[in-house]
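Notes follow the structure.
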Amino acid sequence: MAAAILSVLAALAAYPVVGTGYGVRSVQQIFMWIALAGSWNLISGLTGYVSFGHVAFFGAGAYAGAILVASAGWPWPLAALAGGAAALVLAVVIGYPCLRLKGPYFAISMLGLNEVLRALVSYFEGLTGGGNGLSLPTLDASVAIYYVMGVLAIVVTAMSWLIVTSRFGLRLMTIREDEVAAEAMGIDTFHHKLGALLLSAVGPGVAGALMARDQGYIEPISVFPLAITVTMIVMALFGGKGTVFGPVLGAAVLFVAQEIVWARYPYVHPLLFGAIIVGVVLLMPRGVLGLLQQRYRLPRTI
Amino acid sequence: MLGQVIISGILSGALYAMVALGLGLIFGVMRVINIAHGPLLMLGSYTTYFLYAHFGINPLLTVPIAMAVLFVVGVLLQRGLVFRVVDAPELSSLLLTFGISIALVNLAQLAFTSDLRAVEYITGSWLVGGLAFSKPRMIAFVFAAGVTGLSFLLLKFTRLGKAIRATSQSREVAMVCGVDVGRIHMLTFGFASALAAAGGALLAVIVAIQPEMGGVWTFKSFLVIVLGGAGNYPGALVGGLLLGLVEQVASLFLTTQLSEVVAYVLLVLVLLVRPSGLLGGRQT
Amino acid sequence: MTSKAPAALAVALALAVGGVVPATAQGPIRIGASLSLTGTYAKLGKNQHEGYQLCEKDLNAKGGLLGRKVQFVVYDDQSLPATAVRLYEKLITEDKVDAIMGPYSSPVTEASVNVTEKYKKVMVAPLAATTSIFKKGRKYIFMVISPAEVYLEGLVDMAAKRGLKTLAVVNEDTLFSKAAASGALEQAKKKGMQVVFTEAYPKGNTDFSALLTKIKAANPDVIAAATYFDDAVALTRQMKELNVNPKMYGVTVGGDLPEFYDTLKQNAEYIYGATQWEHTLPYAGNQEWFEAYKKEFAHDPSYHSAAGYAGCLVYAEAAKRANSLDADKVREQLLKLEMRTIFGDYKVDADGFQVAHKMVTFQWQKEKKVTVWPDDLSKGKPLFPTPAWTGR
């Protein structure tokens, strides 16, 4: 098993040598989605607290990173970490009030979050360029970002695995199953949920900053779109929420399917995603990996 | 200026209240958060548009038709999909209605294209003193107030209304008392969709219609429910008016951009300080 | 599962998505473009696409370019800058197209130009109006339309000439609209007009009642709105509802579309709009082109169609004069080129910034658009002042 994983990683590491510019960008996107879907899974899959505004962390990281590179001349790898830090701060600010309450209220408050951030970004235009967007100095770092994004995907997946196999993860899942019972057992649900939210915000924050560097130009509408949240949710659900490799599977399969199908049928793309969500929720709530886990008696912790 | 803005706030508040009442009913009775509420409103708008554009029917007369159509759609959605997740963890119903909402918006884009539609039925306003009372909004206000009022009467005095409220308070006890809970769920979802459709039909004369118009209404409806108190139906009225006023006044003193932030901050504040809502309701 | 299989699978997956380098061949000249065929800009992106298609047809009818047929390769970027970036990478590195034409809108162009500069490909960007895109020291990008800043110039100029003193400027908070608004503010300052109110509203905003309440209190002679289509419609209707009566009221993009009048009916009367092109303008071949377009696509062209068409012709002309598709040679020609098409004049400065093309301002009069500014291109006089809503 380990040898299989290592050879896949080796192949991906060698890919930029033979791939085209487009190919490198595409695989880099798969890494990004793995990081995003995997992060969403940490809060929503494990604790059952659905985050509908997760793209807010992505956008916050994108702006933090872009501002540091464009205005303060920071080197982009450092700015990417700062993006993660910014997302962390946002998670604390949002998490404190909203996680004290039960699931539905959290979901509702996350729903509006990214619109609010968009408005704030537009308002502070001296800093963010507002509606004009922000341009970064030209730099072709496509390959370097490929590797960093790959590392991010690995880190998020590894973090997932560590959590799922730990006591902490077990407690999170207890909260998901029955929060009242969890509290009765003495679990400090609030701090556990907050911890999960913080961990789930870092990945998107770093990914956002990396994307900003890669694109060279960001504007509010393109870093806070609902479509990014939808895609991460679909990928995690499809692959298997609450599992470690579910989001990885979901990201890889759906991204490839999307590129192939969407190139020919652009108009029905959201409809398909909506249908997949409905289908997964009704028919295979544990996702593909969940199904495989049941069928082949695979360990719970993959 | 303030006077004008207060009028705008009250006029929009009534619409918020009516649409939010629908959402509140679904949440109260079924504990389901219907993210597809906004798209249902959008379908109501399109119903009005097509009846007006193709058959020349007076847009105001289309309101009951739109309500009837979406009532059926709501019942079908509930019977077909939503009923399966009523007992499941809230995560499932959230995700399910989320998926439905995306699908509905895209279907609308495919069927109607993203081109703006407009119903130019009545424009302009009545001028009283220095204040302008927008004609389409006044008419919408009257209708919305009427529909909301009728809904409350229905909830309070009819057998169906009492059954809905009973199921909302306690499902098990309602069942014991002989209420057919499954049927109540179906009818409630249909009724709520009809309320959303009424909002959409009235909006059709005021704003331009396009497939993505509903999304913001879902969020605002939740906001109203939180403000008024979940499960507290008259609370929707108070919450709606409050939201309308706060938004308009904030736009006056701040910029239009920030008024969205204000609404959100209001939500967070209420959740922090009085999570059961201003009029008291049930906290989950 | 052997340990080699996953590796092979990963590589296969990557190749399936990314592809391997294909062999090049003689044959048609392939021009690649990423266009907004779906998403927020779908309507206008489609018009631009049709402009490109008509250009392809006309070029091929005249024997093609450099002795070869011309063929457009177009992908849909869904109106998203991030997608356009990937698609241009695809066109350049995978499909290995011979030439590039620009996408729709300033934000998408701004993101995409980083790719074309990276690979040193010439890009004529016919639908990018924002000055800043062309002032960043880039070498391979060329502008065709007049910049955003002059969209409201006609309105302000006419207002000043008629002795109007106060102006309110509102705009959508996006790249193009902000540039148009700042241009209007500059113009107003130059003409000695006083700006009594200015505010930006978020994209997608539908409720202008508070904004208009503030404007009404400031009582400006002129309202200049840097808008797209949806907001222009909403703003107009709500102006009527709140009884806001400026002496002149103008919008930018969207005001020139026939749908603007279809949606607003008589409420669109007296409104000024700005357009990069009208089919009634006295450019050679204009009317014939208009008829040919209508016949081909069964609807009227907008200026986006004409700009796309002209941009493609400009590129073809430069390539012809360079007698090559080599980027540096074509670039040299594009910098020197002075040309008039059905769209108007083309000439750029050293940054590739357009300096010759003229915008016109029109007014909706009795269901028709009448060009009222500048004087040498106008077909009629403006109906001034705009009567109050209640007095119509």
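Each chain gets a letter, A, B and C, in the order it is written, and its residues are counted from 1.
What we mean here is this: a residue touches a chain if its C-beta (ideal position, glycine included) is under 8 Å from a C-beta of that chain, and two chains touch if they have at least 3 such contacts.
Because the structure is a prediction, the values reported are computed rather than measured.
S.K.: Decide which interface, A-B or B-C, involves more C-beta pairs in contact, and give its chain pair.
M.R.: By the number of C-beta pairs in contact, the winner is A-B.
S.K.: Where the centre means the average of the CA atoms, what chain is farthest from chain A?
M.R.: Farthest from chain A by mean C-alpha position: C.
S.K.: How many angstrom lie between the centres of chain B and chain C, each centre taken as the mean Cα position?
M.R.: Here chain B and chain C have centroids separated by 38 Å.
S.K.: Quick one: chain A and chain B, Cα centre-to-centre, how many Å?
M.R.: Centre separation, chain A to chain B: 31 Å.
S.K.: Mark out which residues of chain B touch at least two other chains, giving numbers and ranges.
M.R.: Within chain B, residues 255, 257, 260 contact more than one other chain.
S.K.: Give the residues of chain C that touch two or more other chains, as numbers and ranges in rising order.
M.R.: 173, 200, 202
S.K.: I need the residues of chain A touching at least two other chains; which ones are they?
M.R.: 119, 122, 267
S.K.: If we count contacts the way the header does, which residues on chain A are in touch with chain C in the complex?
M.R.: The touching residues are 3-5, 7-8, 10-12, 15, 18-27, 29-30, 118-119, 122, 130-133, 135, 138, 140, 211, 215-217, 219, 221-222, 225, 252, 255-256, 259, 263, 266-267.
S.K.: Which part of chain A faces chain B closely enough to touch in the complex?
M.R.: Contact set of chain A toward chain B: 44, 48, 50, 52, 97-98, 100-105, 107-109, 111-113, 115-116, 119-120, 122-123, 176, 226, 230, 233, 237, 267-271, 273-278, 281-282, 285.
S.K.: Spell out the part of chain C that touches chain A in their complex, as residue ranges.
M.R.: 1, 3-11, 13-21, 37-38, 75-76, 78, 80-82, 85-86, 89-90, 92-94, 107, 110-111, 114, 117-119, 132, 136, 172-175, 177-178, 200, 202-203
S.K.: Which stretch or stretches of chain B touch chain A in the complex?
M.R.: Per the touch definition, chain B meets chain A at residues 27, 33, 35, 81, 84-85, 88-92, 94-96, 98-107, 109-110, 215-216, 218-219, 222-223, 226, 255, 257-258, 260-261, 263-264, 267-268, 271-272, 275, 283-284.
S.K.: For the complex, give me every residue of chain B touching chain C.
M.R.: 1, 4-5, 8, 12, 114-116, 118, 120, 123-125, 127, 132, 134-137, 207-208, 210, 213, 247-248, 251-252, 255-257, 259-260
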